[in-house]
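Before we start, here is the structure in question, set down as structure tokens.
Lettered A, B and C in written order, each chain numbered from 1.
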Amino acid sequence: MKIAALQDESVLEGLPEPAVELKRVSRLYGSFVALREVSLRLPAGASAVLLGENGAGKSTLLKVISGLTAPSYGTVQIFGEPPQEQRGRISTMGHATMLYDDLTGMENLIYFAGLNDMGERAALEHIAAEALRAVNLDAANPRRVGEYSQGMRQRASLARALLAQPELLLLDEPFSNLDVGSAHSMIDRLLAYGSESPTRTLLLTTHQAALAQPLAQTTITMQAGSVVSVVERAGAR
Amino acid sequence: MVNDTSKATASRSGWGLLWLALTLAVLAVGFYHAMTAPTEATMGNLYRVFFYHFPHTILSFLFPYLNCGASLLYLFWRGSSRERALKADAFAVASAEVTVLYASVGLATGMLWARAAWGIWWTWDARLTTYLLLWLLYVSYLLLRSFSAAGQTAVVSAVLAIFAAIDIPICYMSIRWWRTQHPAPVFGGGADSGIDPSMYPAVWWNLVGWTMWGAFVLGLRYAIERRRQRQDAADALAYLGEPQEAR
Amino acid sequence: MSYAAHVWTHLRKDLRLEWRSKDSINGMLFFSLLVVSVFAIAFDPTAFPGISRQISGGLMTVAVLFAAMTALSQSWVRETQNGVLDAHRLAPAPLSALFVGKALANFLFVSAVELVLAPVFAVFYNLHPLGEVWKLLLILPLGTWALVGNGTFFAALSLRTRNRETLLPLVLLPISIPALLAMIQATTAVLTGEFEPTAWLKLLLAYDVVFTMASVLLFETILNAD
């Protein structure tokens, strides 16, 4: 396995904008240091897995990258711009489904597709139905998302995250409550998604390193708010 | 870092003390004039509370706009220049607190006046009601600051400050219309309908003195807030510098 | 999608959600009925028949205010559940459209309650309006929008605080006093016929325009305040 320091600038000359570039990012909550001087660079098209114990700062890192949380110190750039300028190109999926419990899967996705300016009514319905089918959910299901099983909720959440075809996909423990079969389906879906375009970048956190192996071209490990190692898999593109 | 600011702080303290001395001198002269101005025709000596009421109420309409200006500057600078944004926020909280202070004194002296002139502690006339609303608005601003989650205080209170500043003239107009429709005992009828020239010195000295005092208190509060901000920043850097603990 | 189309999407979503659960409307309706009953005990219309017209405008506005507060305090609950608000913040649609859609939805809910409340009030207080009743069709919507517009905005603002429900009335009421005053005066003018409500109507209109503009401009700021 080749261990590459991604912060080595000369290696990356001539390449397009990195998908994610953090420079000495720190985030404090009162006296608690969630992120401690994190510098990280993920090139466009990377597929990375973020490992670390609970409380290591993985979720905070994802939040800072997405722009939902501002760093206390340091800068964040997504494809060369602050994350707030990249709305629509970044998508997250986490413990929360980010869906309305009282709407059906289709209603939710049509709504969010509309928010992402994906076309007129008829087109939105088509897009929403496709998105649900891609995660093996029934587009005609009249049940509200609040009544879905845990596995269905996570698949619906993934469908929503992939809806706008984001170039940066951030996933916080996406397989945590899935059975092995569903987890493998989700991994296949993510691999397929990533391969559809060379600039699509994936970053996910998980406790199940073995399960996420296929997606782990880069493995980042965090401990107590700092990035302690970045490992590239040999033969990575 | 502490050493760099100590010299600046010392010289600022010097100017501050000088300003305070001047202010107290002006207030003393004002007090003298207030107590020696000729006795009022209808109210006797009880009217003298007016010399304290008037500057406080006028100034309580000035400080909110300093607060609004500082809040706008905070919102403008928070993306680009963090240090300036912090200063603006410190100024905003200081001016809001001084507003509440002056509005409180304005209300209290207003009530003393009403008691002296009319025998009642309160009258829902246009002026007193407006002072009350102003007081309520800026107390709600201070409450918002204390209830807000840390790190978001400055932004949310800046937004409220803008709303409050817009509201003040609307409040003023609406209450005046309300009272022209249903007249209540007019408070301080002697206030604009001509103050006897012999009372001008008392009015002016107190106006100047209390403005200077307001500036002093605002500056002091600003300095305290800036010190607190610097302490927080130093604490944050200290937490960041701590060695990682192995879990 | 145009801005208006986004607002319409948000409005439809809020109406649909409310239709499914009916939390707001039912609560508001019953609460308003209770408030009216309590007021009738506090200010007995039969004991003081002469003044019931004078004070009804004020009582009804306060009843509407209480009703509106119950709706407003939980108007963003569904966005805070499941992290939906984060999805909104990441979407490219203008965030202020979310605010306008929700404010319009709240406006419709409170107006629906008013449509029930006004006749009940008229009956409980034996009101025969002496002025031009049609003007109420201007006064009530303008006054309701003043309350609901600012209320929806400050409800979102109080998401960034520790005690959301406690803070909303504390911050909303002082700002709303001129609008409440105008609504009360205008309604009283229509009920008593003693003066014209025109000046108050103009004030309400100006208030609505100014504060709606401020809310739309500043909504994104408070939503992203992290």
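The rule is simple: contacts are C-beta pairs under 8 Å (C-beta built on N, C-alpha and C of every residue); 3 or more make two chains touch, one makes a residue touch a chain.
These figures come from a predicted structure and were not determined experimentally.
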Quiz prompt | A-B against B-C, pair bridged by the larger set of C-beta contacts | solution = B-C
Self-check item: Centre-most chain [mean C-alpha coordinates]
Solution: C
Quiz item: Taking each chain's centre as its mean C-alpha position, how far apart are subunit A and subunit C in Å?
Solution: 40
Quiz item: What is the distance in Å between the mean C-alpha positions of subunit A and subunit B?
Solution: 49
Practice problem: Between subunit B and subunit C, tell me the centre distance in angstrom, where each centre is the average of that chain's C-alpha atoms. | Solution: 32
Quiz item: Using the touch rule from the top of the page, what residues of subunit C touch 2 or more other chains?
Solution: 226
Self-check item: Shared interface positions of subunit B, touching two or more other chains
Solution: 151
Quiz prompt | subunit C-facing residues of subunit A, complex | solution = 66-70, 84, 87-88, 90-92, 94, 96-103, 107, 111-112, 114-117, 144, 160, 164
Quiz item: What residues of subunit B sit close enough to touch subunit A in their complex?
Solution: 150-151, 235-236, 239-240, 242, 244-247
Exercise. Give every residue of subunit C touching subunit B within the complex, in rising order.
Key: 150, 157, 160-163, 166-167, 170-171, 173-175, 177-178, 181-182, 185, 195, 199-200, 203, 206-207, 210-211, 214, 218, 221-222, 225-226
Practice problem: Would you mind writing out the residues of subunit B in touch with subunit C in their complex? | Solution: 75, 133, 136-137, 139-140, 143-144, 147-149, 151-152, 155-156, 159-160, 162-164, 166-167, 170-171, 173-175, 177-178, 181
Self-check item: Residue numbers on subunit C that touch subunit A, as the complex places them
Solution: 1, 5-6, 9, 13, 16-17, 20-21, 78, 81-84, 86-93, 224, 226
